[in-house]
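Notes for the one structure printed next.
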Amino acid sequence: MVSTHTTPLGALKPSPFLPDMAEIVRKERLNPTETLYVLRLTGGAELGHAPGQFVEVSVFGVGEAPLSISSSPTRGDTFELCIRRVGDVTTAMERLGIGAKVGIRGPLGRGFPLEVMRDRDVLIIAGGLGIVPLRSLIGTLIDERSDFADVTILYGCKSPADMLFKDEVEAWGARSDIDFRVTMDIADPSWQGNVGPVTTLFRRLAVNPKTTVPVMVGPPVMFKHVVKQVLAVGIPEDRIILSLERRMKCGIGECGHCQINGVYVCEDGPVFTYAELKRLEEAML
Amino acid sequence: MTEPIRSPERPRVALFELASCAGCQLQILNCEDELVDLLQLVEFVYFKEAMTETSDHYDLALIEGSVTRESDEEKLRHIREKAALVVTLGSCAYPVGVPGLKNAHDPDEVGSLVYGEDAGFFPTIEAKPVDAVIPVDLHILGCPIHKDDFMRVLTALLIGKHPPVPTHAVCVECRLKENVCAFDRGLVCLGPITRAGCGALCPSYGSRCFGCRGLCDDPNVASMEVLLEEKGKTAEEIMAEYGLYNGYYARRDGGLKAKVAR
Amino acid sequence: MIDRVVAKADLIRSIDSLADKRTVAAPVANGPQFSFRTITAAEEIAEGYLPTALPPNKYLLPPRETLLRFAWHEELTVDPVIEATDTIAFGVRPCDLHALELLDRIFVDDKHDGHYRARRERMLLVGVECLEPCDDHCFCESMGTLRAESGFDVLLTDLEDTYYVRVGSPEGKEFILGIDGVREAAYEDRTLLRKAHERRDAAFTPRLDVTFEQLPGLLAESSDSLLWDVLGEKCLSCGACTNVCPTCYCFDVRDDVNLDMKSGERFRTWDSCQLEEFAMVGTGESFRQPREMRVKHRFNRKGRYIFERYGLHGCVGCGRCARSCIVDIDPIEVFNQLKGQPVER
């Protein structure tokens, strides 16, 4: 009998674990391991997310998995998830057809701080699957282009076959209001562009430390090197933005699986500043 | 393994028996309340304790028992070729269980003890778990298996997900039962290094863990051995303790630690 | 609220009759241990009990709890499962009352977790003050959890033939006024209570060489201590410490499908940061694999992270983890060694 706790349930759901339902409206295989899913909430409501947030996707009977939202909130009543098959839920998703229902909880977590980026130069650094959550930010930057100063995107892939969103990458490259560069760790005969890790692209940039907000998502090893580079050009620690991947199970800061030191990635992140993370041993930066 | 074994027909299941007491098969037959549902889900095409028909076409092979003869190894290789999925049942099949006890003794002595002068007609080899001969997709553990485990594995495979196999030690489940720890009852217990999933059955009934499910994923064997020595166990007694159910991997080079490092 | 006094015999009669109508959970002896169990008569309640094997949390966050049920018939249906029964938890120690305040803060105030909240709202907490230390493992006096000023519906203090009763909620008042023979506390009763408290205060001494307010700082400084390596070598990662901890609440969420393949449920089960799989991500990589990191994480959660996040105790000094540790890892020793030894860099 908790008489001191009087938070009204009001419009809150009886269970924070009860998902909304969403329908798969389109599926597009991007390469052998990644598939893009376009989803619409039952009833047609918008998801109402911010770039960088994530959802928990349910395939009932199989389980739930945290997946970052890959579309910009500026793009209407559907939202997109780009999924690599790694576990049971993502594998089960592949077996679902158009019209199939999945559960969605979210949007969850803290997204990219657009307010920090407004009127500043935005430098996006994506490594591998890091392009997936960053694509939601890129869409917003494009749709609200006049709110931001220079926009630069560096995208590093393992090989040309691993590159995601090839059509969009081409379109980003063709735009005159974005400086877009892509590089491959390992080239193949078809590849005419840059070769080497994403840090090699950074080295060729002229970055203004006073006005630039670097935003990076990628594997831990990329963070290590790129953070070093952006610090070296004099960008302050609290303006370096990164997004972490952990195993968010409950998504609401209860279950403990995504905790790194005292921080819950699902609730306090997944987007952080470097200043917030640098003392956390378990952030592996 | 995460593709559902959902063929157009019901998946065909064959159950094979090596050296064992057949107790795990009986656990399946004991699923009286569930058998009707079970038979809607899968078709048994070979099940010696339950039916006379046989077939060599199956999707899922269930294997009970340890390898104790050369011919067992051939049989297993044949099964592996035929089956999409190989799942073992019980401690004899993994980690080797009671048949592995003989590994602690001279094979000739064991042969003549059991078969007397006819021992020469029954050539046997070191008792091995199934995964020492062929790759195994999944172990359903326990001596005997628990029918709920069997059903959970089956439904997981049918819906297309990794069946839940605990990675942690028996202690986790034992504490949830609020049992008085076997060590506090003056016993030694293999619970801290043994894979859970049994619901700490033996400790819950006043006994202690004998290790029938093999090692958990992350056993601290070094600390366990210090603990057992502190409880007055000699190195030999510790090996005998491990050897009751783990008489194959405990006797390989480097003992249990090698199995862990694998 | 007005303090009351109730004769022990009257309280026992009341519990006997309540146990017929409602779930009454109380500490019951189990060999050398004690466990909260549903009782049918007051005589089952253990006297002089140590903290129970599992804390009373098990009634609010059951070790396995169904969250949702789903079914595919005409179409997919998904329903939340909120289940609760009226429960009186009798004989809850102040350390556990402090732990439940933390869980309330997290699951009710912060997360609006309807599953927990429904159970909590239907649970009446009858606390019993501790007047002497449990054993060598408890260190509530150091953690500031020996005294409970809130978090109970009713708090009893043993005055030999009677209980002195402090009331913490309207439900608690209703409970205590429902007992025949209860009376308002008089001056003499308050004198007896004060004397009991004086005896208690003399009996408990701080066991830690630091205060609980200093623990976060101590742990932050001790990140590179060699002690973690020593503990990591010893720890069996058996998860006993986290299972028995009243402030541990981490869980796993999974689905089960019924044999009809047309229905199933989503459930949560207690989980532990001491287990290797806990911090694993989808790709199989663990962010806290080394055993010493897991041990360090637990002590930081207990002494630092939860306090920094919620301003409440992440450790209430109940000593359960030490009592249940097969290799004798005891927070009193750990914290005192961290305080005493030079910190390695």
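Letters A, B and C name the chains as they come in the text, with residue numbers starting at 1 for each one.
Criterion: a contact is a pair of C-beta atoms (placed from the backbone, for glycine too) under 8 Å apart; a residue touches a chain by one contact, two chains touch by 3 or more.
As the structure is a prediction and not an experimental result, all values here were calculated from the model.
Distance from per-chain Cα centroids to the pooled protein Cα centroid is smallest for C. Among the pairs A-B and B-C, the greater number of C-beta contacts is found at B-C.
In this assembly, the chain whose C-alpha centre lies farthest from chain A is B.
Averaging C-alpha coordinates per chain places the centre of chain B 37 Å away from that of chain C.
Taking each chain's centre as the mean of its C-alpha atoms, chain A lies 43 Å from chain B.
Shared interface positions of chain A, i.e. residues touching 2 or more other chains, are given as 61-63, 87.
Across the assembly, chain C contributes residues 254, 257 that each touch 2 or more other chains. Contact with two or more other chains is made by residues 159 of chain B.
Taken in their complex, chain B has these residues touching chain A: 2-4, 159-162. Chain contact summary for the complex, chain A toward chain C: residues 1-5, 7, 9, 12-19, 21, 58, 60-65, 86-87, 90, 101, 103, 245-247, 249-250, 252-257, 259-262, 281-282, 284. The touching residues of chain C, when paired with chain A in their complex, are 67-68, 70, 72, 75-76, 78, 80-82, 104, 106-115, 117, 120-125, 150, 153, 169-172, 223, 249-255, 257, 264, 266, 268, 271, 273, 278-283, 287-288, 293, 297, 300, 304-305, 308-309.
Across the complex, chain B is touched by residues 30-33, 35, 52-54, 63, 233-240, 243-244, 254, 256-261, 270, 272, 275-277, 291, 324, 326-327 of chain C. Per the touch definition, chain B reaches chain C in the complex via residues 34, 37-38, 41, 151-152, 155-156, 158-159, 164, 167-169, 171-172, 175-176, 178, 180-181, 183-185, 191-193, 217-220, 222-224, 227.
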